[in-house]
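The two complexes that follow have chain A in common; it is paired with chain B in the first and with chain C in the second.
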Partner chain A sequence: MPYVILLLALFLAFPAAAERLLVSNEKDNTITVVDAATLAVTHTVPVGARPRGIALSKDGGSLYICTSDADHIEVLDLASMKVSRILPSGPDPELFVLSPDGTTLYIANENDNMVSVLDIASGRVTTEIAVGVEPEGLGVSPDGRILVNTSETTSMAHFIDTATHEVIANVLVDSRPRRAVFTPYGKQVWVSSEVGGTVSIVDAETHEVIHKIRFAVPGIPAEGIQPVGIALLPERNLAFVALGPANRVAVVDMKTFEVQKYLLVGQRVWNLAFSLDKSRLYTTNGVSNDMSVIDVAALKVIKSVPVGALPWGVVVAP
Partner chain B sequence: MFGRWREAAFAAALFVLSPFGAAAQAQTPTQAQTPTPAPTDIVVPYLALTRPSSVPESALDRPPENEGLLGARVAVADNQTTGRFLHQSWRLDEHLANDEAALVQAFEDAAGQGHRLFVVDAPPSVLLKLADLPEAKGAVILDATSTADALRGKDCRRNVLHLLPSDAMWADALMQFLAVKRWRDLLLVSGPADEDRQLADALRRSARKFQLRIVADKPWTYNPGSRRSDTGHYAIGAEVARFTQGVAYDVLVVADTRDDFGDDIAYRTTDPRPVAGTHGLVPGAWAKPFEQWGGTQLQTRFFKATGRWMTSRDYGAWMAVRAIGEAATRGGSTDTGKIAEYLRGPKFELAAYKGVPLSFRSWDGQLRQPVLLADDRSLVSVSPQPGYLHQFSELDTLGTDQPETTCHT
Partner chain C sequence: MIRALLLLLLTGTAAAAAAPASSDWPCAQRLVPVLSAATYWPGPLPDSAGAWRDDSGVVAAVEAASPRSVAEADGTQSLTRFLEAVPRDKRQGAAELLFAGLLEEANRERAAVIARIEEIARRQREVAAIIARVEGELNALPSDADQAKRDEVVQRRAMLIRQFEATRRTTRYQCEVPVAIEARLGAYARALQAEAGQ
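This part shows the complex of A and B:
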């Protein structure tokens, strides 16, 4: 995309037409579809039990859904808004990440300490990788060669070679690590620790923790700050971190790791997604059952959109 | 906290941590896969004192078997999964003792083998006996299941850490909730057991602290044995109606740790009033309906491994073994002295599915933690309640805070 257009889009803070927001609602077993232009709910699609992690297929035509209590993955066709296919996942899939080439889903099986590797074309789980207790966050490097998995009770980020499926390094981070996100050139992995209250910046080469971001919100006890979702915007040198029950999204300088601002959003803010032009950031707020819309240029929350019960994840589809 | 089976199979247990190979093998947080060093074996012996179980009043719930022990087993498996990545190999070594003397002997033997870190599941008198043994000097005993305030106060010992919420924390969790609800007038009904009396004392102190009024304080003396005989419900219904007549109150608070009569109160009172305490709305470290902050995962893991639901006593033992595991992982050493030091240190944090990190209070060795308020089927609230502020940690609004402590050893 030409830089000028990107810049223009940033200033207008108005996403491209026909963009849709897809939100998984853990408690009422639905996917809420929101029109990004009007921010009106257009569909509420019933899916399997306890939908949590969601991801868009590489062609943008389908949504993969971890239906955790149904113990499988459902593929929602975004043209017909019907579940078109069921994929195996191993037990209790919580979330997954799609390989950059779009062929493979890496799935965290929270209850049996495994990461399952699913070949989407054949619909088969080809490998299971043993990891720590309660595998949770998954991040894949931009070149697809390294997979990072966090385990909540073990409190480690496991670095996995996707060619051999061997664990090549285990990095101890603060308690209950939730998300692992690679920076766009794959140099760092940002890992949020929910109970530890920090975000660890891990060097992807050396596997050392090079910095820990701490947060402090006036009027909120330290225990109330529980980082989960992370969204990176290197174009503006900004990182956004959802702080759970602190009901804030922290805005962090990606180079200095300084927190610049806290944005007040809905209750128990969990996951984050940018609009396709990165002019907006959407948050899922599990307790207030809504989604907050952040204007990225102005760093202001501009709207709340009611969705289903206990919204978990959000993705943006063209 | 008050497992229904106080009398049932009172298991006094202790776990002993032993690093094979005395050298404190430094663990770096980041480890490449190759070359693979030989794993450090960490053996956690489990020693239990069993007592005959009593017949429960209700036939619905079977007494949980191996209460405590099963929590420890699940925790050791968790430690093992983590330890694999740090080249630690964890194992639970289980020993059952039939009497106090055998338990003391087991403790002495373990200490003789060089163990310095123990987890004990024992009644307060036995716990104190162990803590005062010459072999326990300089050791750390993790008390997995006791709730007695005296162990945190006048009978406290420097070498003991307590995992479950004290009776004072338990009572404060309930009273904060009642204060927030503005249900201020309480009818306190307590049973005859020593534990009932201690709990009633904690409730009275807590009511004063949070400015609630105990408008009537009545001992329960009626023998409820007839409830399960034919037409027994007439007798118990009439008795409870008489018992609660002529008192103006908001909530009936019951202290019946032996589960003798607490289930017979609700719906039988003269006025329609909710029941809380050991029955009805129950404070606790763990609760069957609890599924927040990832609690579902531990519930599922425990149920899968044991075939029954986790109790607070199981959870206490789980936390004790996990605390050792956490200190071994974070402290960078499997040396028991280093682990003990780390447990008490400012950096120690235990993630135990309560949404906040838990740590030990320096003044009485009590683990600071939120307390759940639940009935049989749902989680009602979690204390501390919003609005109870504290200069250091809001968790310290529950139980005995530093200025009030009577632990001065």
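This part shows the complex of A and C:
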């Protein structure tokens, strides 16, 4: 048995060779493609203006890109590395979330206080849901029935029924909420607040804030701690929270909500993504224009990979 | 059209005014007034602030790498060279002194840039208020008002809006300066840590 674990651990430390990391670079309008095995940049693909939120299609063959200043969504074909399709959105799409069945994109449009519901097959926006001022983060429950949207100015997480498109609950969180992430069984939603400096844990059934995680890094003033990206790893009972200009990723116990460790990464750490086997965590760092690679088992930063200017999002593709 | 623009100007200003940390901060990123060592440096730094000034070699190296005109690659190279010449057992201490000096200089320069951006934002709010006043003046003109008078007010308003827009574009550029200072300081910190760890 210990041998099996050892063998497993060996496998876990080295992600599959075919894996690729895709990073959106907000300032130079490109997608950087990095080979996960060598951590070398293999492609730099020009896309529309100001690419921010990115998501992988369910079949893993395409990357959806919010090209915010182009006011639409681009579809990058990962075989040819060419933009193969343009899909509509509202004005200034910042980020989106893909429904678990892969058919629908829910898009947060920063400029018109709407979440657009885009049917990918027909390429049509079927509904616009009115939400709070400056919609920002989006999370969808594992069963696809509940959508959570955070609004920057209203400081709320809006729970939306995806069948009726009605807002069923508004939960007040701390100032300037950013990401909303469901736990894998859909029991909780973790919401980061950039200005409030906290992560609120919301019960997905009762819509109550059951806990607020606060962060304190010795020597860094409170305003320097700005939680944004969240990555959950229940298999190891760990959550990772990117703390922006504190240049730290907090490692949190998912049950007790205690912060165990702060990892020093690149500057203004923004979004996070696990390798497919969850052995590594990748971070985008907007000021140092690089990506930090964290060894999840050792909880150590093992490498910095330079990418484009102002890296925003990162996803991992097979 | 003009009403919409005016609304945009005023709501934009109101949003800036609502910012909790600094009412005069127009940049997208929340203001962090002072950069702290712990943001860049993993271990402790020398206790007494300003200790780096007691070492003339460190002072010279900090002064060579700090001016805004020094490119990141050149600054990194000069710092690395300086550290290479330090005996191995003293390198960690020298790197800490260097970083303390670079941080102090970066903060001094950044504070001046921040003050300038805040001043621009304050003036911008004044211009927005004047535009609103001129708009009121125009609306208050009777329908049979002298055409020359109407033209004069319209022209004045157009000029003010142009001025506001030009400043808004400059501000966007100005907002990148503190970020550039942070980025270079971070690169210096990483280079020093790498060299000290050799």
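Please note the rule applied: the second predicted complex is superposed on the first by the 307 of 318 C-alpha atoms of A that agree within 3 Å, B and C clash if a C-alpha of one lies under 4 Å from a C-alpha of the other, contacts with A are read in each partner's own complex, and residues count from 1 in each chain.
Here is the rule we go by: contacts are C-beta pairs under 8 Å (C-beta built on N, C-alpha and C of every residue); 3 or more make two chains touch, one makes a residue touch a chain.
Computed from a predicted structure; not experimentally measured.
Bringing the complexes onto one copy of chain A puts chain B in a clash with chain C.
Within the superposed three-chain arrangement, the count of touched residues of chain A is higher for B, of the candidates chain B and chain C. Of the two partner chains placed around the shared chain by superposition, chain B and chain C are both touched by A:195.
Of the two partner chains, neither chain B nor chain C is touched by A:86. Contacts of A:226 after superposition on the shared chain: both chain B and chain C are touched. Shared-chain residue A:218: touches chain C; no touch with chain B.
With both structures placed on the common chain, the touch criterion links A:175 to chain B and to chain C.
Of the two partner chains placed by the overlay, only chain B lies in contact with A:154; chain C stays clear of it.
By the document's definition of touching, of the two partners only chain B reaches A:111; chain C does not. In the superposition on chain A, A:132 contacts chain B only, with no contact to chain C. In the superposition on chain A, A:299 makes contact with neither chain B nor chain C. The superposed model places chain C right into chain B at 60-68; the other stretches listed in 24-32, 60-68 or 96-104 stay free of clashes.
Under the contact criterion defined above, the residues of chain A that touch both chain B in one complex and chain C in the other are 153, 175-176, 195, 221, 223-224, 226, 245. Those residues of chain B whose C-beta lies close enough to touch chain A in the complex are 29-33, 78, 81-82, 85-86, 294, 297, 300-301, 304, 329-330, 349-351, 355-357, 393-395. By the touch criterion given at the top, residues 153, 175-176, 194-195, 217-221, 223-224, 226, 245-247, 264, 266-268, 287-289, 304 of chain A touch chain C in their complex. The part of chain A that touches chain B in the complex is made up of residues 92, 110-111, 113, 132-134, 151-156, 158, 166-172, 174-176, 195-197, 207-209, 221, 223-224, 226, 245. Taken together, the chain C residues at the contact with chain A in this complex read 15, 20-21, 29-34, 36-40, 42, 179, 182-183, 186-187, 190.
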